[in-house]
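One structure is given here, and the rest of the page talks about it.
By written order: A, B and C. Residues from 1 in each chain.
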Amino acid sequence: GYGRAAIDYQEGRTEEAQIDTRVRFNIDGSTTTDQGVDFGARVRLQYDDGNSNSTTSPGYVYVTSGGLTVSMGNVGTAFDSVGLLYESEVGLISRSYGNTQGSFYAFSTGGYGVENDRMGVAAEYSVGGFTGRLSYVDPDQTAGSPIGSSEEVGISIDYEWNQIQLSAAAVQNGAGIDNNDQYFVGAYYTMPGTSNGIGLNWLDNGPTAFDSQTVVLYGDYEVAPMTTLSAYIANNDAPGNATDNAFGIGAKYDLGGAILAGSIERGYNENIRSDMGIKFNF
Amino acid sequence: GYGRAAIDYQEGRTEEAQIDTRVRFNIDGSTTTDQGVDFGARVRLQYDDGNSNSTTSPGYVYVTSGGLTVSMGNVGTAFDSVGLLYESEVGLISRSYGNTQGSFYAFSTGGYGVENDRMGVAAEYSVGGFTGRLSYVDPDQTAGSPIGSSEEVGISIDYEWNQIQLSAAAVQNGAGIDNNDQYFVGAYYTMPGTSNGIGLNWLDNGPTAFDSQTVVLYGDYEVAPMTTLSAYIANNDAPGNATDNAFGIGAKYDLGGAILAGSIERGYNENIRSDMGIKFNF
Amino acid sequence: GYGRAAIDYQEGRTEEAQIDTRVRFNIDGSTTTDQGVDFGARVRLQYDDGNSNSTTSPGYVYVTSGGLTVSMGNVGTAFDSVGLLYESEVGLISRSYGNTQGSFYAFSTGGYGVENDRMGVAAEYSVGGFTGRLSYVDPDQTAGSPIGSSEEVGISIDYEWNQIQLSAAAVQNGAGIDNNDQYFVGAYYTMPGTSNGIGLNWLDNGPTAFDSQTVVLYGDYEVAPMTTLSAYIANNDAPGNATDNAFGIGAKYDLGGAILAGSIERGYNENIRSDMGIKFNF
């Protein structure tokens, strides 16, 4: 799990400067059979600002053998797990206006709410530089689908080849909403012998986000030992935008066990948001 | 704790085939005094299908010394803890139509609900092949009992002697309901030098289950290394049964750290239920 | 964490004798950077009688370096953390009529309830025998303060010098209530070469407790190895008291890993309360 604490500034809201904290514990159990097959299960206990109590997530169970992992329950989905999808994020809170705006299922930290009979199945296969994922989530496995609702099906692939990473994903009926289909393609190039790189993502955000498309160009550059600058420029064509262009810049300093990070972004509403704080894993 | 995942088929329900998952974490704390007395406490964190979130159980506290354990709080009860009570179960989900149909208190995983002032006390004593248990649960320790409600009192014993195990239990005012008295007697014979055996259970399920009685004959047979077949035939005389006879057969394969198991049963409603899946402890 | 179980007798309530149990797990995560700075986070999982389930507290995040600890989130406050504040407590359940009766924020175990946007920041600095604390809690950091509500600010210090411990604390707008200011001063003298001692506390409980003041004189005496007697006499001038004087006496026996403790107290309502039970840390 991890902990983080930051000052979070957002122009235009009632209290523009607020404190952001998060405490995450992944509670894992696992075992390995005599044949070398791994079985495991996870529940997450997390506190996020705005909640009265920490939340206990629904759980999932998985089996891993020879590169193939199959999981059931509150699974990570193919679309949400694809590489590069969140790669343009900057700052301590890890945000980007280049992120997807569509609705789709993912591992649920806060709980299913009224969808208490949701059930997911996911499979992931890795070999060499290739990873493929399939996922299926039924909003209510105890009943047929009501009008406007359908099972979500997702697929995604990642491929690494020398300095290039390519990722692509598609999801049908995202978040169980009929015809809420979304698509993603991303590419990232790492300069040889460095951790500096540049990436380009394209997203079709689907009907819950006005069928808007997002293109984001982003990069990372190590300006000094332990210190990385990141930046992005994003374009989104949703009808309600004050501007179609957003951008952000962030810096991370590695304390060796914790990071100090901050960012400034300007959104499609022409407002500034900014954060600065610390994050550490345990 | 443990994790499990299975396909669960039940004839006649809206969606006959569903996925069953469960993730259980027992969160334990314990210490041993200089005199060798063990003190401990437990809370359970569990996810079960149909819930929006994992549930955090009420807790209990125990003291163990020289074969005697006394526990207070959300205790395991004498009736629920008796040996052989659930011994006819088959399959991955561990079910049997030969199980008790009565209502009585047990360790509460999902929480007390409106009975938030419930309080239990239990004692267990083991010596040689003998184990005896007593338990007392007050549905509301902060107030007197309303009409129709009473404290539940339970008693049970297990006795092992050579190849024979005998178990018996009784509970008065089960689940805090006046006169909801239930009785259980069971016996199991293990064939010398094997883990094969045969058992017979008798249950009086009490007034919340139409005062029905259940008799179940069951057995286990290791057909191959690591592979055990189990089966039962149960008879229950509740007035609403379509048939008074139910039966089930199951198989378990030990993967060495996990089990693969499945079963087919036919119930008193003449419907089939079946499961197949994996379970692992951690 | 710890577990405890006790018989709790309180004269005049519906069921005078009840069982008290508590199970507490502090779930901690922490890491240390290469520079020797400690980062950590905590969430508490606790079961207390009267609840349907164990509760998961909100969390906090902290950073410690060279005697200074800064924490954010569900923080321990300066007033609640001051030394000696609860030092007159007796018995297994740790209660005293000499305790503060005012309202102020502290680490929340049961959750924020409707104040789900509460946010606290606290700092503690220790050097030699001196410890100083500052805390600030905003009842709702996402909005301005409604009429009658304000941010709570607290300060406290502890100082140890030879056989003397001195503590003092003040809190402004306790529990976010305007003008709910409270004050505390305490002193404790330990007899040289023993763990026997005597203390005196003074409290101004603030307007939510009728602006009453409490003075409590208390002491501890080791009557035999592992066995400590404690006692207090408290005076409080709240208008509704049947008597302004309360007192208590308690005994603790150290089992080496667990304690056996009990107490008898007589309150301002002239009723007796008493407890006896066991408590153990893990």
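Just so it is clear, contacts are C-beta pairs under 8 Å (C-beta built on N, C-alpha and C of every residue); 3 or more make two chains touch, one makes a residue touch a chain.
Keep in mind it's a predicted model, so treat the numbers as computed, not measured.
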- Task: Could you work out the angle of the rotation that brings the CA atoms of subunit A onto the matching CA atoms of subunit C, rounded to the nearest 5 degrees?
- Result: 120
- Query: Same or different: do the copies subunit A and subunit B touch each other through matching residue numbers, with over half of them shared?
  - Reply: different
- Query: Using the average of all C-alpha atoms in each chain as its centre, how far is it in Å between subunit A and subunit B?
  - Reply: 41
- Per-residue multi-chain contacts in subunit A, two or more chains: 45, 55-56
- Of all residues in subunit C, which touch subunit B in the complex? 1-5, 13-15, 18-19, 21-23, 25, 45, 47, 49-56, 255-258, 278, 280-282
- Note on the structure: Per the touch rule, the subunit A residues reaching subunit B in their complex are 27, 29-35, 37, 39-43, 45, 55-61, 63, 72-74, 110-117, 119, 121, 141-144
